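I've put the structures underneath this note.
You will see chain A twice below: alongside chain B first, and alongside chain C after that.
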Partner chain A sequence: MAMMTQKNGFTRRGALRLGMGSAAAATLAARPMLAQAAPLRIALAAPMTGDSASMGLNAQRGAAAAMKLIEAAGGPAVTFDIFDDMGQPREAASVARRITDSGDYDLVVGHVNSSCTLAAMPIYADYEMPVLCGSSSNSQVTESGWENIVRMTIRDDYGAQQYSAFAVNNLGKKKMAILFANDDYGRGLRDKMVIAADALGAEVVAEAGFTPNLDKDFSSIVSQFKNAGAEAFMLNCNYTEGGLFLGQAKSAGVEGIATVGPDSLLYNEYIELAQGAAEGSYILAAYDPYADSDTTRAFMSGFREAYDALPSQVAVFTSDLFILAHQLMAAGSTPASLIGDIKATEFQGVGGTYHWDAKGDVKDRTFAVITVKDGKFASTGAAVDETGLDALR
Partner chain B sequence: MDYYLEQLSNGIAVGSIYALIALGYSLVYSILNLINFAHGYVIMVGAFVALALLQAGIPAVPAIFLACCAGALIAMGVERIAYRPVRHSNRIVPMISALGAGLVLAAGAQLIWGPEVHAFPQLIPRVPVEIGGVTLSSQSLIILAISLVLVAAASWFLHRTRFGIAAQCVCQDLATAQLMGIPVNLIIVAVYAIGGFLGVAGAVLFAMYFNAVFIQMGLLATTKAWAAAMLGGIGSFSGAFWGGILLGLAETAAVMTAGSAYRDGVSLAIIVLVLLLKPNGLFGAPSAERS
Partner chain C sequence: MAMTETFRMPVTVKFGPWIFLILMACLPLVLPGRFWLHIFSLTMIYAIFVLGQNVVTGWAGMLTLGQAAFVGMGAYSSVLLTMQAGVPWPLAFLASGAICAASGAALALPCLRVKADFLSLVTIAFNQIFFMVANNWMELTRGPMGIPGVPSMQILGWKARSSADQFWLILGVAAILFLLVARLMHGQLGRTMKMIRDDEVAAGALGVNVTGYKVLAFAIGCGVCGLGGSLYGHYMRFVSPDMFKLEESLLIMQMAILGGLASMPGCALGAFLMIMIPEALRSSEPWLITIRPGVAGATLVALMIWRPNGLLGFGQMPRSIRRLLRLEKEARP
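Up next, the complex of A and B:
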């Protein structure tokens, strides 16, 4: 079933695949010496079908963009296959089993959803398969004692403190209403946010969970938040629900309330679905799409030309992970030494500079504060005011 | 107090959308005694067609009319391919083939339009209307009105027109109706077509109210509308209407009391309770099971 649907996904993007295939072939032809060395074989695990399929699409596009850059850079050839975890933990475990059983892959890039990564990790850990994870932010991903994983995104327990601090310290709002996706990701963020709000002297006056990808009606939640006198909406969810929530709030006459959310909102669809109500809302992003660097600018404009879309965090991190793996393998890493080598390195990617701690989390990375201005995302250049967060550390 | 009235109006708005979609189920069920599990997917495709036509620059009224016609055509196609060949089999068989047809429609729609949620243009002005201190959305009032009109029209059509009476004959006994000279195949196809047409009208309102068109809409519409139809008494039009409204209100009440994460759990528990006490639903007439 999963393989079947995955093949369908391939057909739809057949042209893209052909392009990548010929790029890899060109690399091989141009460098006969290197072609003799075995290529780096990556298993990309992402939700290609199902409710999170748009994230899978972004992972695929990020990988395609990375392949172009890898081809231009030279070095060992890279091949990759996509495994569809459908965004479901059960499928993720079965994907992990297939990847490890086949023995055809040097490393895994993925999964995307925290719940999928958590379900698949025990299997990868048994096989000591290196896992390079982009977007799973649940703290358990690196707190479960697995030594074969590194990740790019900022952990959600740290993130929750930052979102709360931004609302309280930067915006001066003391009454928060939390909208959260009722899954590992959203609940994890919500729990930490309540603790942080308490430490900062703010109050969570209302909170509402919803079933991600199923609930589309937020009108009763809007009434609840309004009735509780919320001064700030904290959106712990993806762009779809975030956008729909704001749009439905607007049509119920609830407008102009400060809104703070994570970079899972950083999609053009968020602005579109909110129908004007996203204006002035703040997004704290684990990477800065408007960073003043040539690498970032080139990636953003290339992506926009190819797909007429803003690359999401998933696309940026997938691309950076491909390039990171390629760079280290070119420098002599082996699959067995890769995770250790990554933790010892400093990497300059599209998403900025990364280095990692012993658990595999990124160190010293801060959020970029992005807002919506005139119907477009724009950088504010602001930094989160961390006053009062010391108590939590 | 205002808060409760506001939540009441939210519940009624969502409920009338469920009611409209449940109407399509009840229509097919009342004639064929068959749960049309493909219905939700047919109307999802219809909503995407409406969006595509609107984006192509076709004015709203003809675009929605054409999308409704497309829904009718697709429903006729489903009837021809997935139902007619198995009409005389065990009742489980058409149910399974309907689910299959639904999955094919969902996969096809994802190939064409992709997995993302698409925004739907706001065709009905979406302004807050204040009535006696309570803020209601103009859209939810209009949706309630449209839903009432369509339920009344469908009821009139089935009980008062020649076509409707012929359809009821088909319902009572297919073979005898055929012997009496009623064009059975034509009637059945027409019932599906009307179900698809009305369903897409409901789906477009759904898309406008939630401001979203998406693939899973098919499944969502199937589960919610089916639950509403069961609650009201499947096969009855007024039952579909009240079932929808009650489901909407139950969901809103669940959000207010137990928290939004328990919305579906609480509302479905209410339905189970109702069906335990009244197995035919609130408005369904008890009827002998036909084999």
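Up next, the complex of A and C:
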């Protein structure tokens, strides 16, 4: 397959700036790493069509944003091709075979959906292809014995513990009601949340699963949660359902109950759909878009300027993975040594500081606590109080 | 009613499938790389699903839209039997076929009370029920998280590790299934099914046990899908409920219609085209990514306009091609 560097508004501007930075490039040329003229070839596997297409779009935008930063930084050139897995395991397996078989790629960034990553990993493992995974949070991704993968996001089981810990330790709520999307993500989170709540001495007084992209009426769930005496709503769902749920709760007169959710709520539509009821709710995000760091601020403003949207977790992690791979390859890593080198390094990216354990999971990372204040997202700067979680790990 | 005319099988029909099989078996030796082998393996697995669909819809004339449920049932049965109960794969493979055949027969009984469009609705509902059960029965299926780490197919200590091994194994299974179903459908059973399809009342009036044959068609069709499902689960090495949604049933149906209902080669052709067209269009070009999912649907719409009985459907092949393949000697009087 012909190699093609992605072109869109973001990279074109980047390419123009590259011209201005030619002096810097001349300096870099003296470095020995440029002796290897071949570019770093990345296969970006993401759902570009289908139910999860918005995540694929964010991955593409994250990659485009990273390309701009990479071009500005100099060093080895990077090219990437997008492979659409449609969010389906069968397609992901086909994509994985296509990527590995072509011999055209040094590493894979992806997939997004855990089910796709799980279906594709046996194939990548056979070929010892390095896989840099952003957002697949199912614990099996790093628990299946594959040595060729690292990931950025906090895995479901640890994440779920933090959600429960935040509600119990930080907010002091002992009676939780869990609303969860009945998919691999929502269900996985729910199971571990219940265990963590139990360990922390709290009680899950009510819970309800719904079918994503189908269920839109949550009024019966609202009354079920209310009657159970819930002190905290735990929302394991996307912004659409989360916003609708809060909006319908407000219409039913159920207000002022503490709400905690994941960063899939971190879209303006969540605030709009909730009709004011999202005010004061907490979102535990795998990265802090409002972090007090120059890297994050530059990325956020560049992304907003280009797309008029807040980058999702997928965009940030995809971008960070591109930059991480580029930095390490510039420092002399080879595709064969890349995963080992990543596990031995500490990386400062847009999403904060990352370092990894032997399995490929990020370690010592806790969620950033974001709240809705005056109809806008804002960082609280608070940290999740993990007291009592040691027993579970 | 005795058939007095002696029937001589055209030479293309007699030897064609065997030549095709030999050519297919040589593919791993000539195809560069493993990707295209994967596509052909996937095509053969889907051809098995389409074969199951065709027994029910093509030969017996019942429009069902829930075959993915039986594929899923076969996949889950086989995967759970091998992983949880330690049953060897060949036994699990046969068991999954038996489980699906029994479930198919059980579904057929209430289904026979409804006809045509309503039968489709009942089978769609069945597909949804299967999805919901697989998605929610956490203890058995791990729910929406799926079952990773499924062992590869293994026969008496020989494990299909390489892509070529898997390809040959799937080819062998597919060949046997096609042969068996062809024997059945070209024999008394198939002719009776066609008779019921073409005129149920007349068949009943001639003393044919219509209900019995319909249940049998369901059992065979669903059993074949179950066997295919077992191959699918162990080939993909991962099963999750969203692999067996209604969309998958529609895809299998599309393949059957595209290839031509009640056509043996049509099963393979339909599966081949519906797997190959999206794969050939897979690209990094943004516009191609956008239109790719729609191409299969557009193909089907075009086909329905120009060749409503499918590419190789009964009586639809142009006469010139039929003569070329020696399927027909002279224009009939």
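The criterion applied here is as follows: the second predicted complex is superposed on the first by the 357 of 393 C-alpha atoms of A that agree within 3 Å, B and C clash if a C-alpha of one lies under 4 Å from a C-alpha of the other, contacts with A are read in each partner's own complex, and residues count from 1 in each chain.
What we mean here is this: contacts are C-beta pairs under 8 Å (C-beta built on N, C-alpha and C of every residue); 3 or more make two chains touch, one makes a residue touch a chain.
Predicted, not measured: the structure shown is a model, and the values here were computed from it.
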Simultaneous placement of chain C and chain B on chain A, clash or fit: fit
Partner chain(s) touched by A:G62 [first = chain B, second = chain C, both, neither]: neither
First (chain B), second (chain C), both or neither touched by A:N182: both
Touched partner set for A:L273, first chain B, second chain C, both or neither: first
Which superposed partner A:P311 touches (first chain B, second chain C, both, neither): neither
Chain B versus chain C as contact partner of A:K216, first or second or both or neither: first
Chain B versus chain C as contact partner of A:F83, first or second or both or neither: second
Touching partner for A:S102 - first (chain B), second (chain C), both, neither: second
Touched partner set for A:G351, first chain B, second chain C, both or neither: neither
Touching partner for A:A252 - first (chain B), second (chain C), both, neither: first
Minimal inter-chain CA distance - chain C and chain B, angstrom: 5
Chain B/chain C common contact set on chain A: 49-50, 182, 209
Chain A-touching residues of chain B, taken from the complex the two chains share: 3, 6-7, 10-11, 13-14, 107, 110-111, 114-117, 119, 122, 126-128, 135, 137, 139, 210-212, 214, 216, 220, 251-252, 255-256, 259-261, 263-264
Residues on chain C engaged by chain A in the complex (per definition of touch): 33-36, 38-39, 42, 135-136, 138, 143-146, 148-149, 236-238, 240, 242-243, 279, 282-286, 289-290, 292-293
Touching residues (chain side chain A, partner chain B) in the complex: 5, 8, 12, 49-51, 53-54, 57, 182, 208-211, 213-217, 219-221, 223-224, 227, 240, 243-244, 247-248, 250-253, 269, 272-273, 275
Complex interface listing, chain A residues touching chain C: 1, 4, 6, 48-50, 81-84, 86, 88-90, 93-95, 97-98, 100-103, 114-115, 118-119, 121-122, 138, 140, 144, 182-184, 186-188, 191, 209
